[in-house]
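There are two complexes below, and they share chain A, which is joined by chain B in the first and by chain C in the second.
What follows is the complex of A and B.
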């Protein structure tokens, strides 16, 4: 019974925690410019994240070590510097975007300029991390994030042709602006498959004390959480396709998204959109700040756990304190949040090979995984992901040049 | 570190010179946004303070279009189209402003 409750909570966490500033922006841009046609990118992103989360959770449960620990120990410190530096840079950019997302939600709600919200948000996030436990951060924020289900309600209220939505799940050639289409596809993938997500997940498995008995919990949680969570991102794309595309509205600023749900749900749509943007971005702010602290602490061999008192793992606590403050600065200075989000998502996608390719080796190492090494299907999926991540790395820079404007 | 110049170059890749046809699309997109917001404002679906923020953003978009239209590099035909799109956006902004009164 306890395990079933754990699975249910894990799935809810997956659903409530899926949407954030990147997936909201990129799905809305995709729907507004290409209708349902980029649905396949959302689906591919969700399935990819499911594969990577399952693998990193299994790795942690079997070896009692996180993905970061294993990357450092198995490949050595010289190799590990690549995922460490790349992961750090990309996560800092995404963290800044998330703080920007919460700030903009508060600006739209109150009329107070978003720059002025950066420090209060950073302080509140820090306070929750300082005083809270891992389960509060993981489950509390995700529970509130269930407000994002409003996009499924909004999509249903707009009565889309579901066969057309389904057709979008298969890749097709765009009728116009090919570079922009692929740029948005890469952005959507970057928003879905952020390395911080599976690094955080693997650290969470250790925080929650997973063992081999939890492997099925890991499998069910990663599968259902991402299927339903990805479904919500797809609903954002559907709503944008039905509301913005016919009116030729492109999403050039987050402020435009405030009216995305009003044709479907009226005033409630406006209120729930702001709640979704604010709550999901705040929840992700907490998760990324922790993920960065995990990355550095595990990479440099420090004591770490969100369940310890800050005095017991002082360097870990100082790290999340410093990164939250650091990432609030660009928002305080008034950086263009949507531009920052888009660049962060493409860079995130481009950063995937440094963690995904080594995972193929780790998941096939019997010394690490014992009997739980990858089977044929898991290997095919992981190798396909590794190849795709390398292709994205090669394409990211030209696509930013050709389609990022 | 080689990473900082690389990131700066990457950011700059998305900031190329303004393209008049893209700018016309942006102005039209903002006009449609403002029309949708006006409808929402009249029905009481959005707050006046949110509508004011859209007004500000719409005005910024209109003045960016004006700047590009005034540039020597813009061809006369593109200048006319920019001017027409800018005028439509301004008319929409006026309607939203009146709806908020």
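What follows is the complex of A and C.
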């Protein structure tokens, strides 16, 4: 019974935790500019994250070590420096974007400029991490994040042609703006497959004390969570395609996204959009701040656990305190949040090889994985992902120049 | 007797003391060269400057520069290899981490930052 509750909670985490500022922005931009045509990128992103979460959860449950531990221990400090630095830079940018997302939601709700919200949000996030436990962060954020189901309600209310939505799940060549199309595809992939997500997931497996008995919980959680979570991101794209595309509205700022649910749900749609943006970004703020502290603490061998008093793991606690404050500064200074989000998502996509390629090695190492090494299907999926991540790395920067404008 | 591979099993491994307190990673190893006798593993080193040296000269120079600006000294903990008890998923040492330099920064942050913020202090879990 306890295991079933764990799975249910995991699925809720997937649904409530999947949508955040990056997925919302990139899916909405994709739908607004290319209709249902970029649905395949959302699908590919969800399936890829499913593969990586399952692998990193299995790695943690079997070896009792997180992905970051293994990256340092098996590949040494010279290699580890790459995922450490790249992971830190990308996660700091995404954390700033998330704080920006909450600030903008509050600006749209209250009329008070978003810059003024940055520090109160940072303080509240820090306070919850300082006083709260891992399950409070993980489950609290996910439960509240269920508000994002409103996008499925909105999509259903707009009566899309589901056959056309289905057709978008297969990649096709765009009729116009090829560079922009591929730029948005890479951004959507970056928003879905953030390294912080599977690093956080493997740390969570250790925080929750997973063992080999939890492997099926891991499999079901990563599969169902991502199916439902990815489904919601697809619904954002569908709603944007039906609301913005016919009106020729390009999403150039979050404020424009405020009306995305209004045609389907009236004024309540506006309220629900703000709630979704604010709550999901706030939940992700907590998770990324922890993920950054996990990355440093595990990489350098410090004491770490969100369930310990800050005094017992002071370097870990001071790290998340400092990064939340640091990442609130660009928002306080009034940076363009959507621009920051877009750059963060492309950089996230470009950062994938430094964690995905070594995972192919780790998941096939019997010293680490014992009997739970990758099978043929898991290997093919992981190798395909590694190749895709390298192709994205090569394409990301030219696409940022050609299609990012 | 089962042999160990120093680089594979010890270098970069998580170090824990006898109470399972994490106290850093095996950032370096000291091999003692003795006249007329085989080399011997003398110690495990923990410390940022050792790590920086392994990354490369540029990192070492950068690390020394930062320490100079902060007027701080590099704290390297040298643990005699005889103290190694278990080599497994972690390397367990027969010592109390609190008596070494490895937790110097942890303690400093605890005393000067964490304990001054409400809710920070306490030995029990949250």
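The rule is short, and it goes like this: the second predicted complex is superposed on the first by the 405 of 405 C-alpha atoms of A that agree within 3 Å, B and C clash if a C-alpha of one lies under 4 Å from a C-alpha of the other, contacts with A are read in each partner's own complex, and residues count from 1 in each chain.
We take it that a contact is a pair of C-beta atoms (placed from the backbone, for glycine too) under 8 Å apart; a residue touches a chain by one contact, two chains touch by 3 or more.
Note that this is a predicted model, so its numbers are computed, not measured.
J.: Does the chain A-based superposition show chain B and chain C clashing or fitting?
T.: On the shared chain A, the partners fit.
J.: Between chain B (first) and chain C (second), which does A:375 come into contact with in this model arrangement: first, second, both, or neither?
T.: Touch status of A:375: no partner.
J.: Please work out whether A:130 is in contact with chain B alone, chain C alone, both, or neither, and reply first, second, both or neither.
T.: In the superposed model, A:130 contacts chain C only, not chain B.
J.: Using the superposition on chain A described above, determine whether A:400 touches chain B (first), chain C (second), both, or neither.
T.: first
J.: Who does A:209 touch here: chain B (first), chain C (second), both, or neither?
T.: Once the two structures are laid over each other on A, A:209 reaches no partner at all.
J.: Based on the superposed arrangement, let me know which partner A:76 touches: chain B (first), chain C (second), both, or neither?
T.: Second partner only.
J.: Taking the C-alpha centre of chain A as the vertex, compute the angle to the C-alpha centres of chain B and chain C, in steps of 10 degrees.
T.: Approximately 130 degrees at the chain A centre.
J.: In the overlaid three-chain picture, which partner chain does A:317 touch, first (chain B) or second (chain C), both, or neither?
T.: Touch status of A:317: second partner only.
J.: Please give the nearest C-alpha separation between chain B and chain C in the three-chain superposition, to the whole Å.
T.: In this superposition, no C-alpha atom of chain B lies closer than 9 Å to one of chain C.
J.: Using the superposition described at the top, list the residues of chain A that contact chain B and also contact chain C.
T.: None.
J.: Report the residues of chain A in contact with chain C in the complex, numbered from low to high.
T.: Its residues touching chain C are 63-65, 69, 72-73, 76-78, 80-81, 130-133, 300-304, 306-315, 317-318.
J.: Across the complex, what residues on chain B touch chain A?
T.: Counting only chain B, the residues touching chain A are 3, 7, 10-11, 13-14, 16, 19, 22, 25-26, 28-30, 32-33, 35-37, 40, 43-47, 49-50, 52-54, 57, 61.
J.: State the interface residues of chain A toward chain B in the complex, per the touch definition above.
T.: 85, 89, 107-111, 243, 247-250, 252-253, 255-256, 258-259, 262-263, 266-267, 269-270, 339, 342-343, 347, 397, 400-401, 404-405
J.: Which bits of chain C are touching chain A when the two form their complex?
T.: 7, 11-15, 21-25, 27, 46, 51, 54-56, 89, 105-107, 109-110, 113-115, 117, 119-126
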